[in-house]
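This report concerns only the one structure given below.
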Amino acid sequence: MQQLKQQVFEANMDLPRYGLVTFTWGNVSAIDRQRGLVVIKPSGIAYESMTVDDMSVVDLQGHVVEGRWRPSSDTATHLALYRRYPDLGGVVHTHSTHATAWAQAGLAIPALGTTHADYFFGDIPCTRALSAQEVDEAYELNTGQVIIEALGEANPLHTPGIVVYQHGPFAWGKDAHEAVHNAVVMEEVARMAWIARGINPQLQPIDSWLMNKHFQRKHGPNAYYGQK
Amino acid sequence: MQQLKQQVFEANMDLPRYGLVTFTWGNVSAIDRQRGLVVIKPSGIAYESMTVDDMSVVDLQGHVVEGRWRPSSDTATHLALYRRYPDLGGVVHTHSTHATAWAQAGLAIPALGTTHADYFFGDIPCTRALSAQEVDEAYELNTGQVIIEALGEANPLHTPGIVVYQHGPFAWGKDAHEAVHNAVVMEEVARMAWIARGINPQLQPIDSWLMNKHFQRKHGPNAYYGQK
Amino acid sequence: MQQLKQQVFEANMDLPRYGLVTFTWGNVSAIDRQRGLVVIKPSGIAYESMTVDDMSVVDLQGHVVEGRWRPSSDTATHLALYRRYPDLGGVVHTHSTHATAWAQAGLAIPALGTTHADYFFGDIPCTRALSAQEVDEAYELNTGQVIIEALGEANPLHTPGIVVYQHGPFAWGKDAHEAVHNAVVMEEVARMAWIARGINPQLQPIDSWLMNKHFQRKHGPNAYYGQK
Amino acid sequence: MQQLKQQVFEANMDLPRYGLVTFTWGNVSAIDRQRGLVVIKPSGIAYESMTVDDMSVVDLQGHVVEGRWRPSSDTATHLALYRRYPDLGGVVHTHSTHATAWAQAGLAIPALGTTHADYFFGDIPCTRALSAQEVDEAYELNTGQVIIEALGEANPLHTPGIVVYQHGPFAWGKDAHEAVHNAVVMEEVARMAWIARGINPQLQPIDSWLMNKHFQRKHGPNAYYGQK
C-alpha cells in the first residue's frame, strides 16, 4: 500500500508540474485491485505542503480505511469508474484550461490530427448535462454515471478521457502515471483543436486510415513506436 | 499592525508570482476593522525592491497615518469598498490580461462552468462607464461607487470580484490572501470563458442547479469541500 | 560612454527577460546627445554570449566609431528617429508576438482601456506600406521615414511606439530603459486588444475623458501616480 | 561519428528547451554525407534521461548500424528527405502547438511579415493528404514523398520546413542545429499568423519586394545581417 500511496502522491505532484492545475483544482487516484482499495488525494490540501502520508485510502464503496484527511470531494466519481471498468488502474480529474473550455462549450474534442490519434481513438466525448435531480441526489456518483453513459461501448483504454459538460476533464489509464499522461495529452489536443478550428472553421476530421495507423502503431498488437 | 503589514506585503508579492501583474500594475490592501486602519501598497513601487516597511497605512477617510510613501493611487476605490461592505477584509486591483480584456469588451464574465461556480455565484459583473464629470470630480472614489452600484443587492462575498468598464478587475475577500486568491480565479475563468465562447458562440450559461451545487459544496452551511 | 554602453547592454538583455525576443530578433539603442553618438546592439549576436564590450558605437550618420562588430542592421531606422526627435533618448525594435501580429494585420492597436492610456495617448499607429522603390533604395532609412510620417504632429513621448506595416513594433522613450518599458507595454496591450475584440467585435474605444485622466495622472503636470 | 552524435543529442535536447515538444513528441537527425550515415533520436525515449550514447545510427536505407535502441519511428521520412536533397544536413519533426494547428487546419502557413520572410521565402506549404493505400503500404516513407511532392521545384533551404496534413511540422537545414532553429521560427510564425488573421481576416500577404528584401539581407549573396 505504501508503494501505491507513493505513486499516487507523485502523480498528484505532476499536476502542477505540467501546468494542469491552479490551487487545489485536481486529484489523482489509483487502485489496488487485489485488496479493492483506492488511494486518492485528500480534499482541498495545497500541493506545496502535501506529503505522501496525507493520501487517503478508501474502499470501493467510499469508506475511509486510512488517512488523516477527508478524501477528495470527487471520490465517488473515481469509484464509479473503477467499479465499471476493471482495466482502469488510475483516474485523474483537473480543470485544465483548454479541456475545461471544451466542457463549457458543451462539445466533444474532435479528432483532428495524429497528436490526438496517438492516444485517443476518435473524438473525446462530452457528457450530457446532469439533471437537477441527479445533481441533488448524488452529484459525484452521477457524474461517474454520465461518463459511463457517454463512453457507451467504447474501450476506456482507447478513449482514456472525457469532458464532463460544464465541468471539466477526467482521464484515466492503466495506472496513476498513465492517467496523468493522458490528461496532459487531452489538454494539449484541446488547445490545438481550438486553434485549428479558429484558423479553418471548415476543417475535416482526421482521415480514418490515418487515425487507425497512428493509434495502432502505438497501441496495436504490432505496435512499433517506442522500445517495447 | 505589523502583522497586517506583513500580510499585505506578502499578498502584494503574490501578484507577480501568480502572473497577475506587469511592472507595478496592481495593489492589495487589508483592513484592521477595530482600529479602522487600512494597509495598502505604496504607489508605483517596484515589486522586486519592495519590503514590508514600504507599506502605507491610511484611515478610512484616506489620511496617511504611517509610511514613508504616497499610498496607491487607487486607495480611494479600496476605501469606498471597505466603508460600504463591513464583511470585506482585503481588496485587490490588477490589470491581469484576460479579466482586463473582458473589461475592455464591456461585458460581464459569464458563469459557464463549475470552475467559476466554485467561487462566484453568477456572472462577474461589468460596471457601467463613468461619466466625464465622475472622472473629473473624484475618479478613484467614483470607481468605487460604480462597483457598489453594479453589485446592487449581491452579497460581496458571493460575488467576490468585478470588472470596471474599460479599466480592469477588482477582487476582494475576508482577508488580503483570499482577495488575491479570488483575483487568480477571476483571471482563469476569464481566460476559459474567452476560449469557450470562441469554440461555441451559442454555448449556454451553467445550469442553475449545477451552479448552486458547486457554490454550496464549498461555501454553504453544509460545505464538504476541503477539511473545514 | 562606458556608462551608456552599460545601459544599452542591460536594456538589450531585458528583451529576452521580458519574453519580447526569439533568438536575436531585437535591438536597443541609446544616444549621447552632447557627443552625437549612438550605442546600439551589434547585428545577429546571441544574447546568451553578448557582453557590454560587444556594443557598437555610431555617429548620427551611421559611421562606426567604436566596437568590434557590425551594428544592428536596423541602425539607420534608429538614427532617423534620433535625428527627427530631439527628445528621444532610447529606441527599441522587437518582433514581439502580439504587436507583430497587429503589424501583419495592418492595423493600429486601438486604445481600448486604461492599461493602454497609462502610457499611450490614443491609438498606436500602423505605418503605411513601403513602396518597392523605398525598400530597394534605402530600406532601413525609409522605415524610419514612414514611422515619422505616421506620427505626424504627435508628441513622440505621448505616442512612444508604433507598428511598422508587415514588420513589427518600434518603441522609444527618454532613455533605453524607458524604451524597453514601453515595448513591454505595447506587447501587453496588443495582446489584450486582440482578446477583447475577439470577445466583443463591437466594442467601443476608450472614453476620451477616461483616457485623458489616466494619461495625465501618470504623465501630466499634476501627475499623482508614483512617488515623483 | 561521435561528434555528430553529440550534435544530434544536443539538438534533440533543444526541443524541450524551446517548448517545441510534449513528452517524446519530436526527433532530430543529422547526416554524415561522406559515410552516408544518419544519426537520429531513438524511438519513445524520454528527454530527461536520454544521453548521447542512446543515439541511433542508420544508413540511408534505414539499416541500423549502431545503437542499442530502435531508431525513431519517423526515420523513413527523414531518410527520404536526405536522399532527395543533397543540401540537407539536419532534419527535425515536432508536434509544436501552432504549427500542428495549421497542419490540422489543412492550410499553408501564409507569409504575412518580415519575421517569416527572414527565414522562409514564401508560404510554408501544407502537404496533400496521404491516401489509405499510401498509409497502409509505407506510411513513414510516403510521408517523405508527399513532402517532396509539395516542395516541387522549391529550393529546400529557401523553404526550410513544411506542415504535413493532419499531422505536424517537419523542418530542416544545413545541420541539426539550423533545422531546430527553423522549427522554432516556424512555430513562432504559425502563432503570429493565427493571431494576425484573427485580428484582420482580410489581411494581405507580405508585399513581394519586402519579402525579397528580408530574405536576401539574411540569405542572399549580398547579405548584411549578422557578422558573416
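Just so it is clear, A, B, C and D label the chains in written order, and each chain counts residues from 1 on its own.
Note that in this section a residue touches a chain if its C-beta (ideal position, glycine included) is under 8 Å from a C-beta of that chain, and two chains touch if they have at least 3 such contacts.
Keep in mind the model is a prediction, meaning the values are calculated, not measured.
Chemist: Quick one: how many steps at least from subunit B to subunit D, stepping chain to touching chain?
Modeler: Minimal hop count between subunit B and subunit D: 2.
Chemist: Please decide if copies subunit C and subunit D contact each other with the same set of residue positions, more than half shared, or with different positions, and reply same or different.
Modeler: different
Chemist: Determine how many degrees of rotation, between 0 and 180 and to the nearest 5, align the Cα atoms of subunit A with the equivalent atoms in subunit B.
Modeler: To map subunit A onto subunit B, rotate by about 90 degrees.
Chemist: Roughly how many whole angstrom separate the Cα centroids of subunit A and subunit D?
Modeler: Distance between chain centres: 32 Å.
Chemist: Could you give the separation in Å between the centres of subunit A and subunit C, each centre being the mean of its C-alpha atoms?
Modeler: 46
Chemist: Enumerate the residues of subunit D that touch no fewer than two other chains.
Modeler: Residue numbers touching two or more other chains: 197-198.
Chemist: Can you name every pair of chains that touch?
Modeler: Pairs of chains that touch one another: A-B, A-D, B-C, C-D.
Chemist: Quick check on the complex: what are the subunit A residues that touch subunit B?
Modeler: Counting only subunit A, the residues touching subunit B are 22-25, 42-45, 69-70, 73, 95, 97-98, 100-107, 129-132, 135-136, 139, 166-168, 194, 197-198.
Chemist: Tell me, which parts of subunit C touch subunit B in their complex?
Modeler: Against subunit B, subunit C makes touches at 112-115, 181, 184-185, 188, 191-193, 195-200, 203-204, 206-207, 209-210, 213, 217, 224-227.
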